[in-house]
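Lettered A, B and C in written order, each chain numbered from 1.
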Amino acid sequence: MKDNVIVKLENVSKKFDDKYVIKNFSLDIYEGEFITLLGSSGCGKTTVLRMISGLENVTSGKVYIDSKDVTNVDATKREVNTIFQNFALFPKMTVKENVAFGLRMKKVEEKEIEKKVSFAIDLVKLKGYENRYPHDLSGGQQQRVAIARGIVMNPKVLLLDESLCSLDLKLRKSMQIELKKLQKKLGITFIYVTHAQDEALSMSDRIAIINKGDIVQLDTPENIYNHPKNVFVADFIGEANIIPAKVIKKIDGGINVKMLENFLIDIKTEEEFEKGEDIKVVVRPEDIAVSKNELVGSIKGVIIDSTYSGNSTNLIIDIPGDFDIKVSTTDESKFRENENVYIKFDSNKIVPLRK
Amino acid sequence: MKGKYSKLLFIILVFIFLYLPIGVLIAYSFNSGSTNLIFEDFSFKWYLNIIKNTDLVNAFLNTLLVAVTSTVISTVIGTISAYGLYKFDFPFKKLINSLIYIPIVIPEIVLGISLLSVYTLMKLELSIYSIIVSHIAFSIPYVIVSVKTTLTSQTITYEEAAKDLGASNYSIFKKIIMPIITPGIVSGATLVFTLSLDDVVISYFTAGPGSNTLPLYIYSIMKSGITPDVNALTSILLLVTFVILITLTIVQSRKIRKEAL
Amino acid sequence: MKNNKIFKTIFTLPILVYTFILIVLPLLYILFLSFCTSDSYGGIIYEFTFSNYIKIFDLTYLKILFKSALIGVITTIICILISYPFALILRRKSAHIQNLVTKLIMIPFLTNSLIRTYGWIILLRKNGIINNGLIMGGLTSSPLNLMYNRFGIVVGMVYTLLPFMLLPICSSVFEINNDLIEAAKDLGAKPLQIFRKIIIPETISGVFNGSLMVFIPAIGYFFITDILGGGKIMIIGNLIKNQFLTARNWPFGSAISIFLIIITFLLVKLYKRLGGKMDDLGGF
């Protein structure tokens, strides 16, 4: 990853009707990276995007693109382009006219436009569709036109606002791969906004998880998944068991905690916790082993729900003391409901978090 | 900010343009003088004088009679026709589907003289009834269009569901279709009622002697000058319609707000 | 099954009767009349002739057609010039405000158009409110001729027909997806370019809808030329009225009417080619 900051948000705030949607938001985005702003609807992620594109003015703070202060520069003149959620293709223009629109606005020579447009259309594999109108295209094709319309401008940054949401699941998966490929090929910085965590995890170089207008964690997908910084992130990304626990004592390179009533376990962690502190621990369902035979350090429970999902079986196991633990196993043995089983935690894969 | 004020000013100017003549009419209805020329003194006397002017009162009652009768009849025919056109196949259906737009698009004067010609051909005497028939003639298409827009492909699904559950044609129409098309019927009826009150041209050609409507009465006295009792009557009419419309608007915007929640 | 037949008859017979008696018959009859001639007493002579149509192209009548079309075009253009900025200013306002504005546009309609036109006499005549105001304000020393001329007619036409332009333009402008405007901005389009490239193409059928509903009445509303033109200026509407009521030359009046119908159909055809829907015409 290059260290060149292409977009810099400095203490940016945005007020709508006297209410702050974004307050003192700062973020550096590097040239050539694929960064995703992930959060539930209404968290302010789209507002951040719109402040970068210039479609929304900031209430206070500064926006830099390529080291230039663009805080007061109109969207028309910023060297970033947006792929809108519903693509916003101009309905009365053909594919070609749509893609050429921005270049025409810049009064680029017609010959040059021809060349760039056909290159962009080629790139998104829409050759032969140049003279079609948007309403004649499928959702996936419309998406491609929108992308071509953005990249033909050769922007420093491409902003994608929930751009895959309106596509069906299968198409979304294949577009995810294509988008990622395209981004690598072009080397353009992509800022992607979504509420779908699977998209964020599979495409991004970095993910910024946003909640209530603030970044709660900014990291690579792997780190976010394996080392969530707090309960919100753990809960938001993937499936997780979030279990209350108490620190019993500090040990070398970690802590010893008590959870699920009387179960004691050592956890590795670099963070400092106090003895007697009430904390939460996060365990991913696939990080819990399940067996029909008792093992050393295992806990007994009853399967109350079992669903088969192709490559794994998802179980909900009731532990005495009214805890429901989610477990995902690839074990071929048949687990039936009401069956007694034993679960075992892997002390390397438990993440302790402050409340 | 300067742009904002000039924008607001533009909107206000348009509304002043739209309301100015009406405002003037209302203002002069309180004029004690007997012309609409010089404003002499404030007075309510023209409001009381309305009743004495039998020609005016008759013309007004005729206008109402025409508007109400033609609205009721054209709403009924328009509604069942819209459903008929949507539901059934019958001879000339396609042709009718395009012919019904004729009264909407052709100049009123052409409709007026062609109806007049046919009445003469059939040797029908011109009277208040010929006005009513003529108003029905131009109103039905508006009702059909208004009701038609509420009958969508979704309606077919409802109908099939009702049929599947054993409902007869009649009960499908009454229980399923009617609730769906009611908003279309109401807006269609409101529209044709308004058009009937507003009409000058069609009435002008199809009115018989002695069957004066308000616009025709005003047209006939225009040359000699209009008396302020006409203004007074117009003001009352405006007030009534204004109240009705405002109430409708408030009800509607409440609905919008409720739906937004 | 018999019940079904009765049911179907109830729902289809009235429209058949209506269409043929009140639409087709009257139009066919004036088409027939337009090929007849009339005697000097207004009686109709049933002899096939094209003379009425040839007569339309007499210089006298051509002048009326031309002047009439001119008034229609000027009225339409002024209405467009008022309606576009009006709609664009209100485009991003809440549905609540837009709904209210639409209602406020409609209210004047609830009084008869003749009465409202009469209101303009009070305003426009020599000793009327506007002239008095101008004189008092020292803007003019002698009253201006604001009516009994083409100016007065155009004011009356614009006034009476403006809502027919405002409503379709507003509804088509309000319907524009704001993403399109933002996308154009994002791609570097300036306000004028956005208007030309996005707003006009998106609203063109609404504009043409309004133009149809303004232009066609504007060449037919004889009462406005009568009242505000003082009978000095004739439009097609006056011409037809005179043939039927004063000159009593029904065949010639019918021929002009058929001529008008043909023009109307051509305009409607154009409207449909621009993507307009018939159901949107004349609705509120």
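Keep this in mind: a contact is a pair of C-beta atoms (placed from the backbone, for glycine too) under 8 Å apart; a residue touches a chain by one contact, two chains touch by 3 or more.
Source: prediction; values computed, not measured.
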- By number of C-beta pairs in contact, which two chains lead? B-C
- Item | Centroid comparison with chain C (C-alpha atoms), farthest chain | A
- Message: Taking the mean of the C-alpha atoms as each chain's centre, how many Å separate chain B from chain C?
- Response: 17
- Gap in Å, rounded to a whole number, between the CA centres of chain C and chain A: 56
- Going by the contact rule at the top, pick out the chain B residues touching chain C in the complex. 7, 10-11, 14-15, 17-22, 24-25, 28, 36-37, 77, 80-81, 83-85, 87-88, 90-92, 96, 98-111, 113-118, 121, 133, 136-137, 140, 142, 144-146, 148-149, 168-170, 187, 191, 194, 197-201, 204-205, 214-215, 218-219, 222, 226, 230, 234, 237-238, 241-242, 245-246, 248-249, 252-253, 256-257
- Task: Please give the residue numbers of chain C that touch chain A in the complex, ascending.
- Result: 177, 179-180, 182-190, 193, 197-198, 201-202
- Message: Looking at the complex, which residues from chain C come into contact with chain B?
- Response: 3-4, 7-8, 10-12, 14-16, 18-19, 22-27, 29-30, 33, 82, 85-86, 89-90, 95-96, 99-101, 103-123, 127, 129, 159, 162-163, 166, 212, 216-217, 219-223, 227, 236-237, 240-241, 244, 250, 253-254, 257, 260-261, 264, 268, 278-279, 281-284
- Query: Can you list the chain A residues touching chain C in their complex?
  - Reply: 53, 55, 74-77, 80-82, 84-86, 88, 90-93, 101-102, 105-106, 149, 153
